[in-house]
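Note that the chains take the letters A, B, C and D in the order they are written out, and that residue 1 is the start of every chain.
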Amino acid sequence: MWSLNKISTAIHDWLSATFNPTWTMIFEMVIAGVAVIGLFAVLGLVLVLMERRVAAWMQIRLGPNRVGPFGLMQSMADTLKLLVKEGMTPDGADKFLFNLAPFIAMIVAMLLMAPIAFAKDFQLWDLNIGVLYISAVSSIMVISILMAGWASNNKYSLMGAMRSGAQIVSYELSAGLSILTVVILTGSLNVNDIINAQANGWWIFKGHVPVIISFIIFIIAVTAETNRAPFDLAEAESELTAGFHTEYSGMKFALFFLAEYINVFIVCAIGATLFLGGWMPFHIGSWDAFNHVMDYIPSSVWFFGKTFFLIFVIMWFRWTFPRLRIDQLLNLEWKYLLPISMFNLLLVTAIAILGWHF
Amino acid sequence: MFRETEILKSGSQVLPAGEDSGGAGDLVINVGPQHPATHGVLHLVITLNGETIKKVEPHLGYIHRSIEKMCESLTYRQFIYVTSRMDYLSAHINNHACALCVEKGMQIEVPERAQVIRVIMDELTRIASHELWWGAMAMDIGAFTPFFHAFREREKINEIMEETCGARLTMNYYVPGGLMAELHPDFQKKVKEFIALFKRKVDEYDELVTGNIIFINRMKGIGVLPKEDAISYGCSGPAARGSGVNCDIRKLYPYAVYDKVQFDEILETDGDSLARYMVRIREMKQSVRIIEQLIDNIPEGDFQAKTKAVLKLPKGEFYSRVETARGELGVYIVSEGGTTPYRIKFRSPGFSNLSALDHMARGSKLGDLVAMMGTLDLVIPDIDR
Amino acid sequence: MNNEDLKTKITELLPAATFDEAGEWLNIHVEPAGWLSFAEKLRNDDSLFFDYLFCLTCIDWKTHLTMIYHLSSTKYRHNIVIKSKLDAAKPEIESVSNIWKTAEFHEREVYEMFGVNFLNHPDLRLLILPDGWEGKNPMRKDFEDPVNMIKL
Amino acid sequence: MFIVKYIKDVFSGLKSLLVGMRRTGYYFTHHKEIITEQYPDNRDTLVLAERFKGEVVMPHDENNEHRCTGCTACELACPNATLKVVTKFDITPEGKKKKAIDKLVYHLELCTMCNLCIVACPSDAIVMAQTFEHSVFNRADLTKILNKPGSKIMDGVE
């Protein structure tokens, strides 16, 4: 059976056999870095195309269909266009911060890739506080947005950045709390432990109603955290023209754009890992034949399938709902999501202590 | 005058405290003339305190073509086509107002057939205009999909217009004394098809937007315009009817065959954005009702009254009022007895409705301003003329 | 109220007013001097209650200007037209924008298009014309713009 | 009670969102509803209404004859000075001078397709064509002469 794990092991074995351990380490790091950047590029292209196609079909349109077969090369063409465009720095902007901001957004997105298990035994960095690491690092994203908004010396950008600051800080809370429910049930912060705990069934099925509630809250909170509609107040096209990236153009804009999509991918990957069993195949109790067929599907396919399903749901939100207003956005968090998820956390704790989950 | 340039030049700095900015830390931003939510070249100078609006100051004229002055050198046949360019979304209704005014002055009896067709066309225009408003307003508050769904139905109306009038937006189909051409043979069939489609699809609008909890929260209690203020600010059309003002010209001063058809004047009493939204949604259904009553009963006869080749209005003043999709349009012609008007004034609904924006917007959030502008249904060429 | 009733009622309020019925509605000619107090009476009188100013404009008759106010009552549904003759060289009239709020915008439009000076207007600035507009008022009959206007 | 209302709010809110998602989900899965027209590709099958007002043309018959008498009715009817009739005097076989058109100049760049000239024309010499792709690189190309070179008026048209 084809699997990513075998490829990585083969490379590791070959490198270990050819070079001494230090060089092996260095080579592996380079390969990992290149792979992450490659994944970035591919994900950016795929997700942009996917978003456009999803949007088009929901809006009774065809979507991109001119560049390449079925418009598959459309995002390539877009990237090319963005590459050759002039990256302007507005007069009066804080040049250093202005140019730094997109890179911070990008670096944060890259850092978040580390603890994600893309397939069985295929992970960049298996650290024991994986989930904590993710929620900690993803908060840095807000700094790049604030930086971009402030440094642009544009009132729209500033307002977008300020909105985004309030938004991300508050939605961290309920995202964190809903992640905690799974952590409590598993008893570990390690990503692999969480996935292995779901070998006999995903948490969303095993954890009764409280986990379903926390799953819903998680989806809402991460939609807000990644500044996606209906929570795209930082961009708020019809109010703030383009929010914090109003003044960005060319490749600097593309980095923000890419970072947004990578963030969506990462939060969906985390959602898939925590609630939908990561790369664990779908098993039904004692249907051995069915389970066998499911096992035959490579674990990476399972992981990406689940992740893309969640991405689709988030895109579905975007193309259906109107945008919230800033005070309503904070109301939703502090009056609804936070109390519910705190109460929910209590329930889950009780379930975990009493051992009611499967 | 000096002050605006100051604001424009100040770029992105926070203005210092002074009588202009109102206080320390106030943020003055220019919304427009190029801005996604203004749907045109409206320029609003907004004074903000954080996200809260302290003052909205419209600056107009970016698309002012001085249509009133232009009309002074055009004959009574020619000036009608210009008015299609004012409120281009209700071009037929604008033309109707002008034709009515000239007919009033010349005392032309318009054939019944022409009057019925005019009413059908007006109501189709009204539906098309409200469809566009619905899509654009949903886009203003962040939902992109409704725009395309609205345009699907609007496209059908445009096709009907194209077949009969030869154009999709600026038709110039009405002439003093009747219509420019006979109806297309397929007209009745197409209109019935459209009505069947529209009735099916209009419920989807409720699913997609009207019932949505986010939408209701964005609209309810936003931009409240009390009844007295609505009258005082000269608001008309759905903007005023949302505040409970009886102002439907079709009911109050019926023209064409509006006195012979059954329809309700839609009134909501809340005066907020949701009320204005509901007025328009319900008005579309009333328009369908009017069309349904007339489409099978178009009387036979001429589509145009016999008129002289050169129209000369007698000396005097003539005023006609019609209900466009945005409100009351008045055409005021002062004639000196020649072939061209001496002075012509278009009382456009958008101009008066816009003047209430500042009053409505004070104290609300920046995001609400967009919702308010959306529900006022501003068409900038109509405001600027 | 029909036109006759309106005439008697208005004569009570402003004996100097003259009437004609040339157009669709009753025309009332008033002097610019007493206009503001008369307008207040029109708005506040219970039997008149002209609360809706639906059209405000001006006509340039070359020798003089005429301000035209179309008033309507949302309660009684009667309409009148107020006309006031202004001097072409120095047109001045009291602003009615504190009685009918809509007048604020319409008066600003008339101010820039015809050059009528509205006394006590809260914010009499250019609305439509660009900043720093110099020269004549565009809607006056003697206005010529050789660049932008095409004469047929 | 407060808690009951709170829970009801949450559920009714969620339900309204799901109703909207069902609608977009329906269109996502039903591709037959797609209404996109792929314009430059469907040019061959594109059907324009026969009354569509694209530009003013003067139809000529197979003998290169048109119906224009040069009466300038269209020129007078036009609000924008789009049409300009240039007349000349033909010598009829009987030796009399007869007014005819030399050129009918048409400024497409000024035309608003209001149809007033077509209505005004007493001899139906000009009609609206259904062309709509008018863009050119040079503004001067939009000024057209409607009568073909060497054309003359049809017999029997006064």
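For this structure, a couple of remarks:
Here, a residue touches a chain if its C-beta (ideal position, glycine included) is under 8 Å from a C-beta of that chain, and two chains touch if they have at least 3 such contacts.
What you see is a predicted model, and the numbers here were worked out from it, not measured in a lab.
Nearest to the global CA centroid, when each chain is reduced to the mean of its CA atoms, is chain B. Comparing chain pairs B-D and A-D, the larger number of C-beta contacts belongs to B-D. Centre-to-centre, using mean CA coordinates, subunit B is 25 Å away from subunit D.
Subunit C and subunit D have CA centres that are 41 Å apart. For the pair subunit A and subunit D, the distance between C-alpha centroids works out to 51 Å. Once the centre of each chain is set as its mean CA position, subunit A and subunit C turn out to be 63 Å apart. Shared interface positions of subunit C, i.e. residues touching 2 or more other chains, are given as 152. Subunit A has residues 58-61, 319-321 in contact with two or more other chains. Among the residues of subunit D, those in touch with two or more other chains are 17, 20, 23-24, 35, 79. The touching residues of subunit B, when paired with subunit A in their complex, are 11-12, 27, 29, 35-37, 51, 138-145, 147-149, 152, 208-209, 212, 214-215, 217-218, 365-370. Interface residues of subunit D, counted against subunit B in their complex, comprise 12-13, 16-17, 19-20, 22-24, 35, 48-49, 51-53, 77-79, 112-116, 119, 128.
Put simply, subunit B touches subunit C in their complex at residues 1, 4-5, 58-61, 64, 66, 68-69, 73, 104, 228-229, 231-234, 236, 245-247, 252, 316-319, 321, 328, 330, 332, 334, 342-343, 345, 347, 351-352, 354-356, 359, 384. Against subunit D, in their complex, subunit B makes its touches with residues 74, 77-79, 81-82, 145, 152, 155, 159, 162-167, 170, 172, 175, 180-181, 184, 204, 207-209, 211-214. Contact residues of subunit D toward subunit A in the complex are 10, 17, 20-21, 23-25, 27-28, 31, 33-36, 38.
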